[in-house]
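For reference, the structure discussed in these notes is given below.
Lettered A, B, C and D in written order, each chain numbered from 1.
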């Protein structure tokens, strides 16, 4: 961490700052020029609150060199983390597909959805139960009842199941769920993240619509810091000015995260686009960019789905998409083999 | 609501759609040209899920004419809502200031903060207790203990108090709090909003960093729909590419919301800027744009505040800011008087 | 085009509007409900200025159904446009790579760059001559002199050459240049676009940092409308809040443009990322998403390049990247073959 | 400028870097810790290209302390620049209003517009002549002919005139124009800026839709560096995700620019909003935030304006707006007086 001081800092205040920093076991190196004076801090700065120092009159700017996340940081954990459940695994060369309908609607619908998803290449069955909806007048999900249906459908199909949690108090309903998803709107629901850190279950942490990579990794850090290392990051697009898609999938986040963190990164092209047409191309792109998996919305009948119909693939669309994705991955593996 | 059909829609599917819409008590008017066919829907469309229709093969696009929010809509509620607590009131010509430190730190600090805020023109005392922090390693707030300190400081100063809730389960700690704040990160925490809708207490609903005005009003609708009409909207900036401020205060949101909704709208220039220097100018601008109040971060000692120090005004800065704001409001009131 | 009227429109004004629309050879269909009145306009609406109608008191909103671009529209030109020069072709299944250094620096540097680019799989040699630089104090390019060097290097290597134009008056220097590039900052320099429309040379039109797909296509329309059909669209990222890359490559723009327009679309991962590390992954992603080509910055010595060094690939990095891209394309072609 | 080195930098490369920096008359101070090594550069770094250093393998990051603009920098020019023409002046406590129609349409229209603008409080008459239009099918302006009409209307009304230039080659038509406007789309048209730097005329430089404050000031630097010190910055909104306005007026840019630069800053609420309803509130807000002037679109007949009708104020709307703005300024001047 580097502290850039203002011109002519009050020496008394500077002494106080230096003493306080030393009390946190940091070593201080000073660099002094005609126009600037800089303190270089050496030691574990992840627990130093950058705002506390920035607020001082004598400080012009504080700049981190070390990232503020530690447990999610590849620097301190160079090997890829592999997150697995049932037969599915993400990261370290493993690739898996989570797929299912936006909403669990009925037993029949989920049975059918599970068969379609399995046939199309899903490794984990998703179903929306507790659903965060922009409008209070939209269908809010079958909730507890939906969870029972989902779990049953997963068992029938022999697939682990995943669903989204929207509030801490729902946690009791997730006992039989294999993977807990935290949606974009809850990426910074720290009370929830802290609690998920106490579990030992995989958590898919979707990127918030306006979250930087660093904020996202800090949210992952909440879960990791609690002791749960099974975090899967899911890129689902960021909000931009472009109206042709619900959100703009940030494709460079995949290779950039690969360098910053050891956690697996998957992509959710359906959620990003908000409609199905561009999804096959986006799914192939995510795989080519190095994603460790995909989250796909698939429905036996997208036209009559009670939620997320426009972004849902049909079974046959998903099947083609997953097949193409696997060929892309194979093509890029060859690359490594050849070298 | 207008449904724009694709060219040559399947007549069977179209009949199904029309029958379904009629079953929701909507009247349908068809417009047909060479290149387009359009259904105009007449009736209460706020309960129609736009996605359900958009997903149909025969539909090209669906366009709302009526806004999807009803209880927050000025059209159905032309008079300004006035939200009041203690002596403070927002809306309908009333203007109030909520101010206090980002974090409650101790009894002494809050006593001092309350005196400073009161002297500088605060109508409601704010103190952060349950604090949503980007880093798990930052100070997380004094929580329950902080709430007692805040309530006590408010009583001493004779001011109503406000604090932020970050999760449903904290609600029990807010019994003696006069105004509950929902922060930007929780603007779409619908479980929480629904619960706040069951109370009869003023709720300050901050705008999410990447929320459109419509999404924000839909979140207000959750609270209003539960029966709580005491919602105060708080503009605290949107996330943009510009790095010179934490968020870009969206000044035109104030007059635009004024037309769309009857709810009071206040602004949080400290939270938007993330540092105090531009705050006096931004506060005056918000008042000039028609805001019904301000939320300000004020601290007896910004340089040593445990949170939000860089964005905190000192007491004397706040006092000047509030005085200028009141003069701006006076100047604009003259305008009305003169006409 | 649909004109949504305000409640109780002034009948005289409405009559005026209808007469004016009819005078432009448009047929009008009216749809009338309790709460809305809509005019559906049938005919060629691409020449109707949406703002002219929106400004009327009696009009609530105007919504285009037909896109405002005509010559770039796939609807009126269903087959892919193939743009070719020398042996390189873009679109209609053809894929080509434009590569070279950000700045032409000297004869030796360009000779070397040309050999490296050719060896790594470039089809067209790029070199920056007239350079738009954010700072007046940065190297501004060798201009005319650089153009001669570029053309010579292209001849030696047997490659067509491309360079960026930054102002109309430079056009005379582009006689021996095979492909003219319009940079992001000039995407809406309409005087320049109009002039390029009079040529018969391929134009690479980069997307502006904050341009929507529709604005970008409207800029292409300027060139097409002048009679030059050789337009290649180049996605080079949009400006967002995310600081980890210079711009966020908007991957879904590729499949979405594919549906909207017949023009070839290429991607510029180096320009988007602003640094080389994520480029190989982004290039593979662009190809997987269906891009018709790539623009790559390559340098014999990125560390000492006078411009765009951080985003430059070395020759060997480019070679691996292009090889991987070709394998991805092959893998996705298989898909089609299998079905 | 601070150069943060990577761990264990190659000593040979480091020596080369240090020698090169010294050759630019910079002094180097090294700070060395366990985990970092930093070079602090002292001297005039505005001519150092940050990219050149960033591209080096041994460099982790480069951070400017001194801003890259020099002539626009308040640090080196502490007093406010006052830009004046005719009786109008901007900056240093002076406030002026530029107003007129989006397009010059005819002699009668401009005569009328000039009278209305003058009556409503305009200090400079604006008229669009060379018009950058998103669509090639929209009205493109009367160009040379429009310029004559504008100049004549200005003379009649006794007002200096302003118009927008869209390309270098139009410069000859601006001889009788008092203020040259560079629109948002041309903010980074450096060839144009350089040429305007050779004049001695006031230039209104609008902010590009996706330009940071620093990029904007760098564009001003092009003009200043050429010797023309009469630059007026005009905030006209930035592109964000919010659809309720054409662009989001970035209100905090006004106080932040005030600190960074000595140049006057005005605001264009009509251009930002894209429609007139929120303009009076936004204009008052800009004045309250400290703007040195306003650019307003005013039309004798907004409903039938050939361009920018929706954003145009009527004469009486403008009159009320300007009166309110002047009262706000008066109210804030009192503040200073009282202290």
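Going forward, a residue touches a chain if its C-beta (ideal position, glycine included) is under 8 Å from a C-beta of that chain, and two chains touch if they have at least 3 such contacts.
These numbers were taken from a predicted model, which means no experiment stands behind them.
Visitor: Where centres are the averaged C-alpha coordinates, which chain has the largest centre distance to chain C?
Guide: Result for max centroid distance from chain C is chain B.
Visitor: Where are there more C-beta contacts: B-D or B-C?
Guide: Comparing B-D with B-C, the pair joined by more C-beta contacts is B-D.
Visitor: Could you state the distance in Å from the CA-based centre of chain B to that of chain C?
Guide: About 39 Å, centre to centre.
Visitor: Determine the centre-to-centre distance between chain A and chain B, using the mean Cα coordinates as centres, and give it in whole Å.
Guide: Computed from C-alpha means, the inter-chain centre distance equals 27 Å.
Visitor: For chain B and chain D, what's the span in angstrom between their mean Cα positions?
Guide: Taking the mean C-alpha position of each chain, the two centres sit 31 Å apart.
Visitor: Where does chain A touch two or more other chains at once, residue-wise?
Guide: Residues 210, 239-241, 243 of chain A touch two or more partner chains.
Visitor: Quick check of your reading of the touch definition: is the inter-chain graph here a line, ring, star, complete or other?
Guide: Topology of touching chains reads as complete, every chain touching all others.
Visitor: Show me the residue ranges of chain B that touch chain C in the complex, using the header's touch definition.
Guide: 2, 4, 27, 29-36, 38, 40-43, 60-61, 63, 65-66, 239-241, 243
Visitor: Considering only the defined contacts, which chain B positions touch chain D in the complex?
Guide: On the chain B side, the touching residues are 210, 212-213, 238, 240-245, 248-256, 258-259, 269, 272-273, 277-278, 280-282, 284-290, 320, 323-324, 327-328, 330-332, 334-335, 339.
Visitor: Within their complex, state which residues of chain A touch chain B.
Guide: That would be residues 46-47, 49, 51-52, 54-57, 68, 132-139, 166-170, 185-186, 188-192, 194, 208-210, 215, 218, 221-222, 225, 239, 275, 302-310, 312 of chain A.
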